[in-house]
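Once you scroll down, you'll see the structures, which are given as structure tokens.
One chain, chain A, appears in both complexes that follow, with chain B as partner in the first and chain C in the second.
Entry: the complex of A and B
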């Protein structure tokens, strides 16, 4: 045992946390000397000194606070579709990178999230990427910091023409000419209707979307739905612009659309797309508009609207569709808004169909990659991922033996058809909107029916 | 440095253009206007110049459909002042337009005047030179870069593009007019929230233009009149040739060789 004097010099040291080694102490308890070294476990210690500037810059942005709540459990990583597609991504990874010095504003991680919400589903700390990313991106767009050119081009198109393609607003009704049925254009014929059908950009302008729009018009017509469309006065719903970081642009188009809704008398809005559904249902009520503030309208996705009428619809399905069909849940109909049944009920009503689920379905559905602005970041994503999310999904559809991949989001026909080709599955898998399948099973009407 | 950017709105080619009943002008019923792309580059080059060398940037534009939005967007991008000229909608060609701009510029401090080298609705590239002639200052066209500083006070260095990939570096004394072919970077994006914010707080200064008399001020009108305006005739189509022999046969048949 050392001499007491040795202890005295030891105890004269400065606090151990300052010098990094453990202090000896002299303790005599009831006459017994129990002096010794303190267990390191009871001392405050610093393992690594992180510079949290970039993390704090991010979490200071209203909406992005929850990025700081991550405790690295990593449940989000296998749930993240971008990571699955080889993007080395996910909230846990982003948090860790921020902690170790990454500036998100200079990094591709800012733009890869598709806001699919699958990570939020599993996160025990409620780190909400669907709130974080749009808020952070909005700051990046406002400050002009490394925003991908593809995305800016889309914003510019929406600002100038009201649609992401940069098409003339006057061509928004061109698809109606070959629908084979009369379609009421509310600006020209403004009387009351039961249904205001919000057609959307891809249905109106994309060459495959047009097929679905025409099919919808015919199905509505056969069902005797009293409907009208906004025609040239419709603008993009704005949901993707909001998620991609342009809240001002979202507000501008939302105000415009709300103003159009306000002009007409109708029972409900039926939308073609899950993003329009999400926007009108959850976001438009928050938009200050005119004197009244945000307006709330009853809105249904077309699969919900038709599923309610499946008893009237079923007798019209006289044809058979004897093929093996799987269904891709759109993130913004399913996970974001909880609707998994309506599309399935419609498919089940199709005569002759053999329905098969993919492994990742319903709440666990895999993202197509088009959400959160991903639709316009194809080139950017290709640089930072091993494959497109749509390619990953198409491979799964083929693996479960499907001949047809049924969808009900206007972004998806184009995305998945491209992915079918790029994964060498051309001829093996057909991509069809559910409305196209329904239309194909009904008695042909009009010149537009092939 | 006082930078002035002259901008105008031109027919948007995203719409199908139609000729009106007179057969001499575009039908305006469905005509949508958009910013002249070259003017947008002139603004961008002006903003870059302002950011590197300081100064004040003013945008001047003729009143036209959606011109306010264009001017608020310019403010959102970094312009300091915007001027809208009203009552000059019927000016004839670039001669008339230049006379209107000259009148405005005479009343504004200016060291450097930037404008697009040409516009989709004229393609004659004469606006810059005529403005310069009226102001009696030098002019360089087809400019791709402007730098201040090196030659010293009252001078700028500009890059002028020639065909065949040749670029000249010129020093020019101020004040001067530059016709911008392309800015050093793509015109920046103005976030809509910023534009909307500026729309609430900023003002567009309005000036009354000299209107139809402007052409006369420039020396007797524009000197041209539109005789007829038609869509281009569709050609008979191209003949695809398989090889040199076929090419020779065609040339011989035409009597060229």
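Entry: the complex of A and C
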């Protein structure tokens, strides 16, 4: 990746004055001096040129060709979570702005897409934003053109530490100490296992993620799952880095993880997060370098893995969870990979639960804002949107009367918990990982430790 | 027993197809064409290539012309007009005026294939400046350039760097009196835009439209192809007027999906002129006593399930004589008309 100093940030909006729209003028009105910049401020309304330079530059990038295919049906706009959150954004708008001379490399539209796939679902012309934006961003990162600072910081962290938080790799297994069950670390104990559990960064490092990781270990243990983890040798899955414009960094971590997988004998990989699921299932097989590169491994999201064993799981759910629960479909489990049933089957198995769907669910599910690099662009997004996507979503959960917002993506607990606070819904809505709900309904393990 | 011939008025795509069909069914047919050449608008305009398959217009029309010329049942009269009609079908006496003077022939049935004429943008000259500005031309004018494989800015003779089409000129306009869509101009603009980009890859080509009406397969065959493969830029919002700023022709309109007014200079502006009823249709309607429908085209009866029958038995019409029609429409209607004409004659002959 480029030197950090070559990056520029676009945190400051350009002042109208710099654009030449504003002139100073002396004005005295009824004896009061109202001279200032504001009295002549206007934006030119006329389009005086259709400068296609930047559109042509963009569509020449491999992967970004379909940006030029838009015929303005506008079906993408109501599907786009960013526009819905007041972002004045969306594929058809980007195309029109490009047609009227916008340089995407100098515009916030480059960084607002969360790669949620909802526009791709509805686009009749197959304008593929999930291909276009990563390709364009990769060019922006390569050329050091206006990449937001917070994103650069995250890339730097991944490059240095192997995780976006910049946590020391040695701390990856810290959470295991208080799980209440023994967790096999494959680097120390490399014998064959049924399940290689790819824990993920947020489960390993984030304080609420740790809760879920420990719950997962206990549920696995109660089910008698023979599993192990990569421990300190695990690195971030890299999918969000790829989508945010760092395909090189993605390849690097993918190769590392593939190399680790290659060391052990296991039946399948079970992942905590939909982004890791997408990466290992769809992207890792394309990684072509390295001696273990290009390998395809059987991989399941934990909800899929557990839903298959729901008959064995159900008898273990001795407690009751008598609360009204709704579920947020993660974009990368649902729309990107077609899994809508497994998380719902787990929730249905929970005794006492009252399940309610949100209006926007399954294929039409709303995005939490964390995908495609959005996880590390909250500051940038706040500048260009009326609200965060996670706030928009939390309001919907409250509107359908849910007391608990159940999730199964490690990005989401922290995002939605912040949104619950910022939308004044503290105390009204609790955000829980499905695995936490399952764990809570089981007989306690390691009392006093967990 | 042989019938009087079927009279086909007009030697364009519909007329020639009707003649070919009549011959194939074994009925004598007389084609009367007022110009000295066969082929109609594709040849007379002239069109370089047909929409949507882009086959060379002369080659394509030659196939049809060769077929009718080779058929002994088809008699072709070019440079000839119908000047009077008397009596009743199937013994109608028709006066023809041709290069060799007047002649009266008896005909058994009549198919009018009198086509259309292009809207004359001079009728709204204050808006688009067709006769004032050299660089404002029509899609017929650019067809001629495409036929010569030399697209230039008329005022300079240089290749244009930026060219736009303005759709719906003379169509869909109550003020002008043309309250119809001409059906083919969107497709022809796309076809021509592709041809321009093939000749001049660096020329930026824009199409300003109200809505693109790309029926059936034209959608992907020429509209998507123009946008996706040839990078033609489609901008929703029709041009209100064209003005001159120095040497530049400036289009003024609204870019409606941006909600912003447009004032952009173009090297060449191509007006996508629509179809109007031809003088020939009006004259023939008068001579044969056939009513015109409200837009001024020859009236057919029975609605969508019968596109070719007029209010008088034995009289049929096909192609753009009955309303805006593309080639596929015209050819299909010609087939329907000759089938009905043959049926009419057969009833007379066998007395069914």
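One rule holds for everything that comes next: the second predicted complex is superposed on the first by the 393 of 450 C-alpha atoms of A that agree within 3 Å, B and C clash if a C-alpha of one lies under 4 Å from a C-alpha of the other, contacts with A are read in each partner's own complex, and residues count from 1 in each chain.
In this text, a contact is a pair of C-beta atoms (placed from the backbone, for glycine too) under 8 Å apart; a residue touches a chain by one contact, two chains touch by 3 or more.
Here the structure is a predicted model, which means the values were calculated and not measured.
Given the touch rule stated above, what does A:82 touch, chain B (first), chain C (second), both, or neither?
In the superposition, A:82 touches no partner, neither chain B nor chain C.
Quick check on the superposed pair: does A:402 touch chain B, chain C, both, or neither? Answer first, second, both or neither.
In the superposed model, A:402 contacts neither chain B nor chain C.
A:52 in the overlay: touching chain B, chain C, both, or neither? Say first, second, both or neither.
second
State whether A:155 touches chain B only (first), chain C only (second), both chains, or neither.
Once the two structures are laid over each other on A, A:155 reaches chain B alone.
Of the two partner chains, chain B (first) and chain C (second), which one does A:100 touch, if any: first, second, both, or neither?
second
Per the contact definition in the header, classify A:68: touching chain B only (first), chain C only (second), both, or neither.
Once the two structures are laid over each other on A, A:68 reaches chain C alone.
What part of chain A is in contact with chain C in the complex they form?
45-50, 52, 56, 59, 68-69, 71-72, 74, 92, 96, 99-100, 125
Where on chain A is chain B touching in the complex?
Residue positions touching the partner: 138, 141-142, 144, 147, 149, 152, 155-156, 159-161, 166-168, 170, 246-249, 251-252.
What residues on chain B touch chain A, complex-wise?
Residues 14-16, 30, 32, 34, 186, 188-189, 191-196 of chain B touch chain A in their complex.
Please give the residue numbers of chain C that touch chain A in the complex, ascending.
Going by the criterion above, the answer is residues 204, 206, 212, 223-224, 227-228, 231, 233-236, 255, 257-258, 260-264.
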